[in-house]
Amino acid sequence: MVLRADNVVKTFALRGKQKGTVTAVDGVSIEVRSGETLGIVGESGCGKSTFGQCLTRLIDLTSGTVEFEGEDISSLSRRRLRPVRRRLQMVFQDPYSSLNPRMRVADIVAEPLRIHRTTDRRAIPDRVADLLERVGFDPSMAGRYPHEFSGGQRQRIGIARALALNPSVLVADEPVSALDVSVQAQVLNLLADLQDEFGLTYVFIAHDLGVVEHVSDRVAVMYLGDLVELADAEELYASPAHHYTEALLSAIPQIDRDGAPRRERIVLSGDVPSPANRPSGCPFHPRCPAATEICRKERPTLRTLGSRQVACHHPLPVPTTRVVTPTGQSQSVR
Amino acid sequence: MERPAGPWRVALTQIAHNPVAVVSGVLLVAIIALCLAAPLYAQYIAHTNPFESNLNGYTMVAGERVAVLQQSTTGLKLGVEPIGPTWNLSGYFLGADGQGRDVFARLLYGGRTTLLIGFTSAILCCAAGALVGIVAGYFGGPIDWVLSRLMDIVWAFPVYLLAISLSVVLLTDGLRIGPIVIGPGNLMLPIGIIALIYVPYVARPLRGQVLSLKNREFVKASIGLGAGDWRILRREILRNVLPTVIVFIPLMAALNMLTESALSFLSIGVQPPTASWGTIINDGLDLLYTRPAVALAPGILLVLTAVALNLFGDAVRDALDPKAKLRGAA
Amino acid sequence: MPSSTRGCAVPDITESGIAGPDTTADAVASSPLLAVRDLRVAFRTRAGVVNAVNGLSFSVAPGEVLGIVGESGSGKSVSMYSMMGLLDNPNATITGSARFDGAELIGMPTKRLNRIRGNRISMIFQDPMTALTPVYTVGWQIVEQIMNHEKVTKAEAWSRAVHLLDEVGIPDAERRARSYPHEFSGGMRQRVMIAMSLACHPSLLIADEPTTALDVTTQRQILELIGDLQAKYGSSVILITHDMGVISEAADRVIVMYAGRAVEMGDESTVVRRPRHPYTWGLLGAIPKPGQRKQRLPTIPGLPPGPRDQPTGCPFQKRCRFAMEQCSTLPPLIATGEEQNHLDACWLPDEVREELREEVA
Amino acid sequence: MMYVAKRLGSAVLVMFAISVVVFLIFFATPGVDPAARIAGRGASPEVLSQVRHEFGFDQPLPVRYVLMMSHLFITQDLTSYVNIGDRVVPQIMQAAPVTLSLVLGAAIIWIAFGLGGGILATRFRGTVVDPIIMIVGITAISLPAYWVGEVVNLVTQDRLHDTVFSWVPPLGYVPFTQDPGQWALHLLFPWLTLALLYGGIYARVLRAELVNALSEDYVRTCRAKGLSERRILWRHALRGSLSPVVSLFGLDFGSLVGGAALLTEVVFGLPGIGKLTWDSLQNLDLPVIMACVLYAAFFVVAANAVVDLLYAVIDPRVRRA
Amino acid sequence: SSTTTDAADASDGAHQGGTLHLAAQSAGGTLDPQVNYTLQYWQLYQGAYDGLLTYARVGGTKSEDIVPDLATAMPTISPDGKTYTFELRKDIKFSNGKTLTTDDVVASFRRLFKVSSPNAGSWYNVIVGADACLKTPATCTLNGGIVADSSAGTITFHLTQSDPEFEAQLAMPFASVLPADTAPKDAGTTPIPTTGPYYFASYSPNKALVMKRNRYFHSWSKEAAPVGYPDEIDETFGLTAEAEVTAVENGQSDWMYDTPPSDRLSEISTKYASQVHVTPLTAMWYLALNTNIAPFNNESARQAINWAVDRAAIVKLYGGSSLAAPACTILPPDFPGHKDFCDYTKGGGSTWSAPDLTKAKQLVQQSGTAGQSVGVVVQNDSVNKGIGLYLVSLLNQLGYKATIKPLSNNIQYNYIQNTKNHVQLSLTQWYQDYPAASDFLQVLLSCSSFHPNSDSSINIAGYCNRDLDAKMTAADAKGLTDQTAANAQWGDIDQQYMALSPLVPLFNPKLIDFTSSRVKNYQFSDQYYMLVDQLWLK
């Protein structure tokens, strides 16, 4: 267990004329095991990115704690965070806005090395060339500016930057969402290779359930700032316990390959409510086909159901046989 | 290996391919060159010192020796008239002013001052505006509040009022900041005043830009890498607002030149004997009805320069930061 | 889409046949609603000419759903815009022909085009957040469209607008018609767009990535909605997407585009199940498959050709594992296999294709 | 409510700060001892100290500041230091209509020209009309107003006064209530001069906005709906582009009404706020300067607030739910 | 060409009527005659306020004569010159209908102190009790200083010492007699009732001043209180001088207060020659050299300037020889005490002919001040600035490092007076208050006019010469008995001051009055300039 979030809450004050706050993440607890890939899925605005930024301390938490390699980093100052940053890196969603358009690629990749002075000044160009090669570039590209690269290439530059300091954990916020399938596959393969090579731990945030299924060992499903289900990927995709997870899975458009079974479709009514005015009780109840009175009133807590955890008053039945994943035993999570 | 084109080079190529930019640029360069050549003209062609009163001087017009200032000989013989344009480059091309000085030579010298003030104050103003905008936008909180209110104050202070108030004080006794004494005739005063009054024009949009930059992922990434504020400001923020700052410069230079001339028109800008187009216009207004050329010529040059600067500035904007929202002249 | 729709649409297509650039077009039994022939769009830019669409030909039969799939920049949107006269870029050159119900759309004067646009052909766009004028209520905007094409009173148009909004599933339509676009969520706005596009009962609806910007659950809602309405009004639909899954679920027929060209065209089931073009293989292969966790994904090496470096010959040759000498000449889009309406543009011999495809997957 | 209070608070703060700045600037200026000027030339020291005492100039600065403010705002009987006994508030009241007349008329003209130019340039984008309009606009922006004013005066009052412009009345102002025709005639050239600059600015701003708007997605939707270009331009693009123009207009109008048309007023001899301000600055007449500056600042601040409100009217996105 | 017509008979109604429109760039400040110290309003007060004495309201040289006004005759003066007795005219009414009494006279003189009249401390402090009044004006009584006998209708002034200029000072507008109940504070814009032919009907400094006929007025003296011709006189404010010229040309205004701008001079002097009246003034433009700081604490340096300044060039800048005459003396020509001499002209002589630069340079060298910097402080209007620029050129030529500092017209005068501002050389003007040599020499150069660190220190040169001070006091005393001898003394004093060179007289200006074509009967008084109310409109 390298990274552990305990009851993380993040609220934003609304700016301008409107008053009030948005609770983007509402008490999420999660443990990330060393060497695994933890997928986080959920619809737009459910707080995935915010949570990812809480994990990497890009933003301050409203409450709760984040522990990294046993150290509580949730209230460290920016200066004290610097050593942590070397081990805990982030890859961003938008390949267009995550690279400074006014810096050359070499500088972008060298930036972490310069900040942390881990590498001798003269050795930096070599290290940069190394990194670029590792993510599939000819080092001669180092003098170019980001605008000369395609989205996939940029994403790889972002990965090279994140890798520069040899981190142990990489939080990837929708690293492939902006990419075309052919390029997406390249990036996913690269991430897999790097994990194999360096034993990286990934927190992989995405809204494409297919991609998440493909890369993750365990998957967390978020809805309106809440963690609603957390399970081994295979188990979750095979038999979701939360109604929201079920609907989400059924909504994936599927290619009718020969012999592939189709999921039963569940068309949810209505939109995801705004986190600024969360429904009372279970946040999913207004759209839930199985909602009852209690769902309106009482907010379900995350409880363990077999090898998984789910926050639902009326969870779907799941097979009792536990699937043991290679990466570890089930752990109890508060 | 071919050197890849950076964003600056791309912009430069774009400007070079914009005919309006090229024409206005050439015009600007021509005007600047002409003004820089002022001493050459005064010394070697017109043989005149345009800063010395020449009340009893004579000059040759069409082979005849005539007084530069002529006592009126008609009617009640009231008034003294300077000679009008000779249209002869070797002296008094545009005639003389009330002090008997060569207007054309003064025009060239005046251009130097006006351009100097325009550009220096534009650069100063942009630098100060950038500093304020960046600091306010980046640090936010109380720093932002204080800086924003300061900008509000300068903004709500009507431009000319502020300039006039400052000028009245500063031009009387100059400025003393500790050991530094800036005399009342020093050009730094109008430069500083003009730069100051337009700081909010630059600071406000830049602050907005920094606010949105702050949310861009590459800034987040930099924080994530452990970069300190100073590094982020320098490498991430400044580099990205720099194009906008640069876009401001020619446009502010045009605006500032016009402001300088307006202040000089109110005789609180450039102080004599230094000439600027504004002061020459001001001098010329006393001769407007008899020798309109004295006031018209600097005005026309001023307009030409401002037009060229504005056109060029537009081209720079199109090349560097097409979304920059700039207000025209005040 | 409900299977009933699919059921009645499929027979039509088998009859209608497909026209490639080389097949004499009008071997089509029932005349197509839209017939596009050799459409080309080029942009003159400072960096040179960009050929965004390179001889695209296809047709749409009445009542069918044609899916166009391709990676970003493959010319999907530009081809549609050029047909609809929506390319106001003065540097764009459009050639070729696009006959809609017998009328030539390319080069049609705007006045005449305006009688077709929004009336007989309507269009919805990718980003519902920006596609509506922010300063008018949605009802007003629908009324505007109706009154632009039909002589009705304002009150009539208004009640129709409310009805339409109701039909696309906007609750409390009467009140919501008076709301401004920013007061709707993305999915709701896309519903409004659909309501607007259906206002004049168009015979063709062009949906340019209508769900890309939406969440999965919302995407599902919108796709269902388009399906239902298409069934109800019997319009033809061109559905543009880059999501094979969407195509697979919603389209009757599919065009796979690459670098401004159609590289494969045919019935949805055949194209998805038995793709013939190596690009399509790569495209399908790159999508993570359920149950194949953590396996390396087959990828297409390299990148799509940039808009400026258009290769002569087959545009895919540089990325194609099976490229051969012949690929330096442009392959025609023809039926090479046994199915007559399954066309592709590749020089690979029919015999080896099956084998190679297995190899890739 | 909170919001309104906050705005009001910051407005008061800004005005307070400005008044303090003016006050300090004034007393930092050498040669302005108001007592000496009130006493008259050659006044003996006794007389001088008498005057100083009588006018309270011997009090500490903060007290004098408070006194001045209370005279200005509470008893409203603050009087000029130069024209003793001349109350400041009525002076402002007298000057305001002149400035308002000038600015209103000019605004109508510049709005007409600005909007017309902007729309025309957009409409004929790609033809020579567009660059011509824009160059005219840029030239208008680059013209120093006072210089134009002087040249206009030279031409209309002197050079061509006996021929073409014999109908042009002398400089100065005639109240509307006295003779509407003369009012307009006297203001005609000031209007045009002032409108020139702003017309240029507005044409440019509007064109930029319109061109921007025309590349928006919603315009594509409009085209797809089959709307005519004219309708798209007028009903859709223009409507959205108007808000920046309106906000600009609000701010400009505010500052002009506050006296920013100083140069025009001085050149054309219009006894408006700008002229009053200029005269008072020339005379270093602190009470009048103070009143003028606060008056101007008030309009700038007020214009800011009004613009915010207008924004909400024009742009429903800003409206509160 | 100044048209001097004989004063028309007041009873001649043929020329009465009409409204006279005057124009001025700006208003002249308070309307209170006991406070206002501007020629602009003094000129208008002539048709409105009266004192016990006045300068004859006629054109020509007789205008320098003091004549009885509200007094029936000139005062009887005691032999020691310390007591002046006046007899007040009867049946004079204020414009508010009240009859003038001796109480009004006494109250007016008390009020003079209560409102801190500018010269209360320098002119009227000779009255017994004035010192107390200056200290605590609120309780001013002038007990023993001014005694009224209401039954006899006499007023007696008791002075602390004899004063040859007391009569002149009584003839000034400060000594106007106002109703006794006039509030003892600066009246500002509120008009005070008058005794003369007109009263002030309204005054708004940003708009206009309006004078209307005083229906209680009847002329008691053709010289002191002639009947005015126009029914109404208004002066509008706000036009620029340029616009004023245009307005007069077009007949929209009848007269402009300000000097026509130089670029309009040729136009008016040719096209409108008959409407232009040029008259020499008893006034002087001069440079004040600060004798207390370098370089002009050095006498040679000061003399160098006097030698070097090209008066002809400066006259050109003022508008040419028709508008000004070079000056060599402090007292203007035709002024009491004026002596014809010119000690600083090339080749000598009693009139100025040319500067002597060689001599000047030599003196500068001799003084050892060469290379020092000199600031020239001038007003920032075009004429003053022009002269300033010329001076800078000249000073540079002499070996100084000169800079010009143009200041707003309203600051400059106070600025150059204050020693705190360390002004070295300034350009300024002095226009006579009344025709007496002391009004120039004593005011501008006596030790008592010098107040360090004050904005009000009219001895701008800061020059204090006890010796000459004593001579001036003596000349003053002489004036009581023998004006001619006194004048001769004054002329010598003038020359002695010039030798010491604290001031550099530049020129004596002339005044241009530009009137509209309908205006007739232009008369010029040396004291108060054009007689406004004597103009005919018909």
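Couple of notes before you dig in:
The letters A, B, C, D and E name the chains in turn, as written, and every chain counts its residues from 1.
Here, contacts are C-beta pairs under 8 Å (C-beta built on N, C-alpha and C of every residue); 3 or more make two chains touch, one makes a residue touch a chain.
Fair warning: this is a prediction, and the values are worked out from it, not measured in the lab.
Between subunit D and subunit E, the least number of touching-chain steps is 1. Ranking every chain by how far its Cα centroid lies from the centroid of subunit C, the top place goes to E. For the pair subunit B and subunit E, the distance between C-alpha centroids works out to 44 Å. Note on chain placement: the centre of subunit A and the centre of subunit E lie 90 Å apart, centres being C-alpha means. Subunit B and subunit C, compared by their mean Cα positions, are separated by 56 Å. Mean C-alpha position of subunit A lies 53 Å from that of subunit B.
Not a single residue position of subunit A touches two or more of the other chains.
Touching of two or more other chains is recorded for residues 242, 407-408, 411, 415, 421 of subunit E. Within subunit B, residues 168, 172-173, 288-289 each touch two or more of the remaining chains.
On the side of subunit E, the complex with subunit D involves touching residues 26-27, 29-32, 35-37, 116-122, 125, 134-135, 137, 185-190, 204-207, 238-240, 242-243, 246-247, 250, 252, 407-415, 417-418, 420-421, 443, 449, 451, 454-456, 458. Within the complex formed with subunit B, the residues of subunit A that make contact are 53, 56, 58, 78-79, 81-82, 85-86, 89-90, 92-94, 97-104, 111-112, 115-116, 140, 143-145, 147-148, 158, 161, 165.
Of all residues in subunit C, those touching subunit A in their complex are 71-72, 185-188, 215-221, 223-224, 242-246, 248-250, 269, 272-273, 282-290, 292-300, 303-304. Taken together, the subunit D residues at the contact with subunit C in this complex read 126, 214, 216-218, 220-229, 231, 235-236, 239-240, 314-317, 319, 321.
Against subunit B, the residues of subunit D that register as touching in their complex are 10, 13-15, 17-18, 21-22, 25, 28-31, 131, 135, 138-139, 141-147, 150-151, 154, 158, 197, 200-201, 204-205, 244, 248, 255, 258-260, 262-263, 266, 277-278, 281, 284, 289, 292-293, 296-297, 300-301.
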